[in-house]
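One chain, subunit A, appears in both complexes that follow, with subunit B as partner in the first and subunit C in the second.
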Partner chain A sequence: MGLLAYLIRRVLITIPLLLLVTLFGFTLTYLIPADPLAMVLSERAMANPQIVQAYRERWGLDKPPHERYLNYVSRLLQGDFGESIATQEPVGRDLMRYFPATMELAVAATLFAVVVGVPLGVIAATQRERWVDHLARFISLVGVCVPVFWLGLLMLALFYYRLQWLPGPGRVNPRLILPPTVTGFLTLDSLIAGNLEVLSSALQHLILPALVLGAYSMSLITRIVRSAMLEVLQQDYIRVARAKGLTERLVIMRHALRNAALPSITSIGLAFGNLMAGAVMTETVFAWPGIGRYAVDAATKLDFAPIMGVTLVVAGMYIVINFVVDVSYAIFNPRVRLS
Partner chain B sequence: MAVDVLLPAPRLSWAERFRPALTTLRRLLRNRSATVGLAIVLAWMLVALLAPAIAPYSPSAQQLRMRLRPPSEQHLFGTDELGRDIFSRVLHGARISLPIALVVVIATSSVGILVGAVAGYVGGIVDEVLMRVADAVLAFPSLILAIAITAALGPGLLNAALAITLVLWPEYARLVRSQVIALREMEFVTAALAVGASPVRALFTHILPNALPLMLVKVSLDMGNAILLAASLSFVGLGAIPPTPEWGAMIAAGRHKFFEWWLATFPGLAVFSVVIGFNFLGDGLRDVLDPRLNRRAG
Partner chain C sequence: MMFNRVSSRPWLGSVLLAALLTACASPTAVAPTSPAQMPTPASQEQRAAQETAPTAAPQFTAQQERVLVVGLPKTDIDKLDPGRQYEITPPQIIRAAYETLVTLPEKGARIDRVEPLLAESYDVSSDALVYTFKLREGVKFASGNPLTAEDVVFSFRRLGNLQDNPAWLYNDHVQSIEALDARTVRITLKEPNAAFLAMLVSPNFSVLDSKVVRQQGGTDDETAKETDKATEWLNNNSAGTGPYILKEWKRNEQVVLERNPNYWREPAFFDRIIFRELPDDAARQQAFERGDVDIAVGLDIDAIERLKSNPDVVVLVGNTLDMTYLAMTTNPEISPELADPRVRRAIALAIDYEGIIEGLMNGNALQLPSIIPLGLLGTDPNMALKRDVEQAKALLAEAGLANGFTAKMVYPGGYKFNNVLLADTLVAKVQEDLKEINVSLQVEPRDEASWRADYRAGKLAITLADWTPDFIDPHGWAPAFAVEGSSAARRVHYKNAEATALAQEAGRITDPAKRAEMYLKVQQILMKDLPFVGLIQPRTQIVVRKDLRGVVYNPVYFIDYYYVSR
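Our next item is the complex of A and B:
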């Protein structure tokens, strides 16, 4: 099957699932015994039935639930994510503003996780049961078990407060004048504008949250790469490669790692999906203006449209990642066919 | 007619009946990561049980003249902004996090087993509907969904537990469903049905017990997950309500106090060590119980 046909089929399959997600989210907000207006209006305003009634009409809360849901979905299908009750801003615009910040952080975290996790996994597998292996396994255990928000606070306390090596929370030094938004990635935008001062500030602000967010992914990747390498290293073709007299380096790099790449790619893809969710706590601790923090704000205010918007974006990311993973399978392993 | 040929079921003594479990336990105790995990978890359970007896202070006793003191001999982990002893509060925190995690895991696995068993066993449209609902829940970022549910129900530990349960059940449902589908076609199940066992009986006495090992692994790992999620909810202010010595809430109290590092460090270490314990235990259980892994190793 051609790549395009495959892509189209995948997209068609996901649309009903995404609609189901919205239905689920809507049912939940409807069943829950709390009033979103109570979160927005003051107590005095809530006591005034006229104001409450006006708000209900303004937000369509006076209509029966099925009508509200159909209204939401029909707007959604036209690309309109609705409006936030709390800020009265269109959710689509908010997402456009906050999503790039989260992506920038997630990409940086994944870079860190891959650059550290893959070699660590390879070394651990080749040095099985030696101290490097034990160290790698310990590190990967720590990364899975540590509470993200706690790790973030420790990092801030150490590198920002005590050592003063790195800046504190936020995305960039607030005193700097930012370059015009092109990609939404502050590092890229400042590079495009040739603004090196902003670039260096943005990079420095990126280090700690990326480390904290990437810790979990790094652990996951280390584990998977290690076990995939261990399995590959027992294969006959590795023995053949060694028997041919290849250097250990060549055996590992060319013969073993390439074959261990397949499960590793899945884990990297999965880890990236996890990042989008893990961003919630990291962004809260580091005051990072991304969709994670936006979602927490919306969730505590029971603001339906933003919660749904973030969920759809994250679910959409999962779908894209899964697709990329599947396609890269076919590239790395000619035996795998897309179907 | 064929029934006449059937031999009466052999009567097993208690010792014989528990032999498989004992063998597993023995293998578990020989597994290093399992024993380390078990030791950590048992130690924390003891702490939870004995906290009132071993904590040097009451977790809520305020000494306003002793506010924000660094760790010392009187206060091993220092004191918080109300002069409460952090060491005592960390010990008492075990009485909150462990039971919450236990409640969550029991609730999620019950819901998951029920849904997964029904979906896997009945199949067809029922299976389709239940699994699509599970997919929809899984599509939500778990923490965001949990935050939304807790926010709606109002902050509080029980509401947090309910929210975490609602978020985690689909994974169990999927696990049980796949096991049920795999086991349903096994000969011993067909045999049970052939001698007249009702489908429900076949499910509960023949299929589910065989799905138990994998469930145990997941339960152990999820105790850690539940503790992390509960602490995260408390950290954003939606779990435990202030005077409660909950670990996540205590970390939140130290959030903007970088100089008073002991506020967040010690409760964080508590969460970290419990979660590590459950992960060690889960990994060890998997080594011992997962038949696929055994075959590869042997």
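Our next item is the complex of A and C:
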């Protein structure tokens, strides 16, 4: 069975999986004993039967639940995510705006986590029980324990307010005129448009939130790489490699790290998924217009279509991450077969 | 958290009333700018010289442009269509792009009367039933179209026929509206209403450019709730006569206004106003102190105290028309104890009002006597109850409950009443206070939606709640709380024929002195029956950079940015 067949099967499995997610999401939203209109309409409007009736009709709330669900799914299958009751805007367009903002942040955070976390883990393992190891373990302990919002405020107070090295909250200097949206990643869009001023502002604005959001993943990766490396370094083949007279550098990079990569990749994948959970706080502190804040708004307003939209996107993202992790297993370890 | 839809009246949100300080001390500085302050040709040349791509993507910097940045907390902006929005933040933006027939005098500092704006004059029939407006001559929309009576008719009818959140403002009151000629509009009400002029100050009664809105798919006919398609356009653009034009709205991020070059009065001062949403209080404060934000809204009390010593900062203080209150059922099936007025009075007397205001609000609130905020017609701060634990105990004993009783209090956990007072904190305080008279509150935090649903359905025995203004007239409060079966009264099953009659009648007569007397009477009855106990009317503090002039707060649209200059 080739890679193509494997790919097709994975994609096909995704469809019933996502449908199940919608059913689950719909049931949960439906079971909450509150009227979604009560969160959208004012007291005066709620007391006015015509307005309430107009809303019920427009949003299909006068229909039985199974009909509402089937309606939603049939629109979904045509690529329509429905509309938010609160804003009356199409959810698909919202997702296209908020999701890339969070993804950009999450990618930057993961990049930071990997670039710092992996070497730190490797160094800690090779320098076991030396001061570097203790420092690395201390950093990773702090990174795992510190609450995101606190770290965010601390970073802002230091680098934005006190030292004035970096810009404050927001995605870009609000006074700049932004390039047209292509990818939704502001850094890429400004690069495509050749607008270096926006690019530079966007990159500077990305540093602090990426650092804060990535701190947890970085710590996790450091710890896992360290322990995986420690285990691998005990193995016979490492002893053999050393006995062959290979340089320590080659032993670590080629023989040890490649074998320690497998558990590390899983943790990087999971950490990327976890970023979504941390994103709400980071997005709040850094005024980042992302999917986390969008999701919280939707949930507090019991706004069905946005809740479902976010759920689907996050579920979809986990599916993609799992897939990428599986494929990268095969790449890093030829003994793993995709089947 | 600014998404306080809680109470009924979001659009007037956490706003301030009379006695407002202005950043600008000069009372004559009504005109926001003089021609000399407008961008000079020199500065424009300078700008052009520095621009790399002057036509395709102009890149401005702060020095070349007059930009005002307003830092807002998490906002509740969900629409910017004046016919649909009914939240707390949008009015200040809508007010900059649109205007109404009448407005509040003195840049909004006075709330006890209205004055003409788009109307040149108006006439109210002696029975408060027919309102006739003569429009000002020479007023143009931002598009250049002249303002006509047809635009007023279109805008108001559209408000009603959209059947959206604010539609009741029109549908519940207006019988008919007609353009008598190009500059005269006559509105006939369904029944006499002395508060109608106060309602017309609402941004929902903004006058829209009917030609532009129709071009964008808007309509004012009966089918508007299904066929009007202009909202998407109106969320990102504006079609008003106001001093600024809506240029961009990115939800959860920012709103950008630009100066309206066709404004009928002197043009506004700023080239652009940027409303930035900075949801974290500490981050917003840092942005203000760093100079990235000129006006910061909703900072926490400690930060404001610290900023007061900063010579470059002015802190504006004003009384909102918001209120947080205690509600107790009068229905014996829900609580036999609370249904006894003596028990409700005992509870009202056991509450430590001063402790709530000084301890929980750091003094940033007034004690609300009843259910009409202080400052409005027919209110009297001296009516407020004082704590008297002994009398409270005596009343309980009289009601046969000398050993106290237990009541269940459902409340919205984590919710902030009037955006300032955390529900859990207030609940804990009230619970402590009532322990002293042996009344034990079994508290149950819920999510906001299900608490609201149960409260609205009249299922709760005792709870805390808040309310924000709909329009600046006691008629916005008295009927809702005093009239049997109305939106607030039915939640506690309150029935009192005298209060009902008085609250209804007071809205129908035009004599202010007589109305004031009747509203006082309504409150006296409510304070005898005590289905509601007024707790606090919060003050709002807003920090403003000292070089800004003309910042005045008012309870309808927060700040009228036309008057703000640097």
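Simple rule for what comes next: the second predicted complex is superposed on the first by the 339 of 339 C-alpha atoms of A that agree within 3 Å, B and C clash if a C-alpha of one lies under 4 Å from a C-alpha of the other, contacts with A are read in each partner's own complex, and residues count from 1 in each chain.
In this section, a contact is a pair of C-beta atoms (placed from the backbone, for glycine too) under 8 Å apart; a residue touches a chain by one contact, two chains touch by 3 or more.
Please read these numbers as outputs of a predicted model, since none were measured by experiment.
Engineer: Which partner does A:21 contact after superposing on A: first (subunit B), second (subunit C), both, neither?
Structural biologist: A:21 sits against subunit B, while subunit C stays out of touch.
Engineer: Just checking: does A:247 make contact with subunit B only, subunit C only, both, or neither of them? Give me first, second, both or neither.
Structural biologist: Neither partner.
Engineer: Check whether A:181 is in contact with subunit B, with subunit C, with both or with neither, and answer first, second, both or neither.
Structural biologist: Neither partner.
Engineer: Check the residue A:235 against both partner chains and state whether it touches subunit B (first), subunit C (second), both, or neither.
Structural biologist: Touch status of A:235: no partner.
Engineer: Give one of first, second, both or neither to describe whether A:74 is in contact with subunit B, with subunit C, with both, or with none.
Structural biologist: Touch status of A:74: no partner.
Engineer: On the A-aligned overlay, A:314 touches which partner chain: subunit B = first, subunit C = second, or both, or neither?
Structural biologist: So A:314 only meets subunit B here.
Engineer: Between subunit B and subunit C, which one contacts more residues of subunit A in the superposed model?
Structural biologist: C
Engineer: With both complexes superposed on chain A, which partner does A:141 reach: first (subunit B), second (subunit C), both or neither?
Structural biologist: It touches subunit B, and subunit C stays clear.
Engineer: Which partner does A:47 contact after superposing on A: first (subunit B), second (subunit C), both, neither?
Structural biologist: In the superposed model, A:47 contacts subunit C only, not subunit B.
Engineer: Using the touch definition from the top, say if A:171 reaches subunit B (first), subunit C (second), both or neither.
Structural biologist: Second partner only.
Engineer: Where on subunit A do the contacts with subunit B and the contacts with subunit C coincide?
Structural biologist: Touching subunit B and subunit C on subunit A: residues 32-34, 149, 153, 156-157, 160-161, 284-285, 300-302.
Engineer: Where on subunit A does subunit B make contact in their complex?
Structural biologist: Listed in rising order, the residues of subunit A that touch subunit B are 17-18, 20-21, 23-25, 28-29, 32-34, 141-142, 144-150, 153-154, 156-157, 160-162, 276-277, 280-281, 284-285, 295-296, 299-302, 307, 310-311, 314-315, 318.
Engineer: Give every residue of subunit C touching subunit A within the complex, in rising order.
Structural biologist: Touching subunit A from subunit C are residues 3, 5, 7-10, 57-62, 65, 67, 69, 74, 78-79, 84, 86, 163-168, 171-172, 225-226, 231-232, 235, 250-254, 272, 274, 276-280, 282-284, 286-287, 289-290, 292, 447-450, 452-453, 456, 467, 470, 480, 486-488.
Engineer: List the residues on subunit A that touch subunit C in their complex, please.
Structural biologist: 32-36, 38-48, 50-51, 54-55, 58, 86-89, 94, 97-98, 149, 152-153, 156-157, 160-161, 164, 168-171, 174-177, 179, 193, 195, 197, 284-287, 289, 293-294, 297, 300-302
Engineer: Considering only the defined contacts, which subunit B positions touch subunit A in the complex?
Structural biologist: Touching subunit A: residues 132-133, 135-137, 139-145, 147-149, 151-154, 224, 228, 231-232, 235-238, 248, 251, 254-255, 258-259, 261, 264-265, 268, 271-272, 275-276, 279-280 of subunit B.
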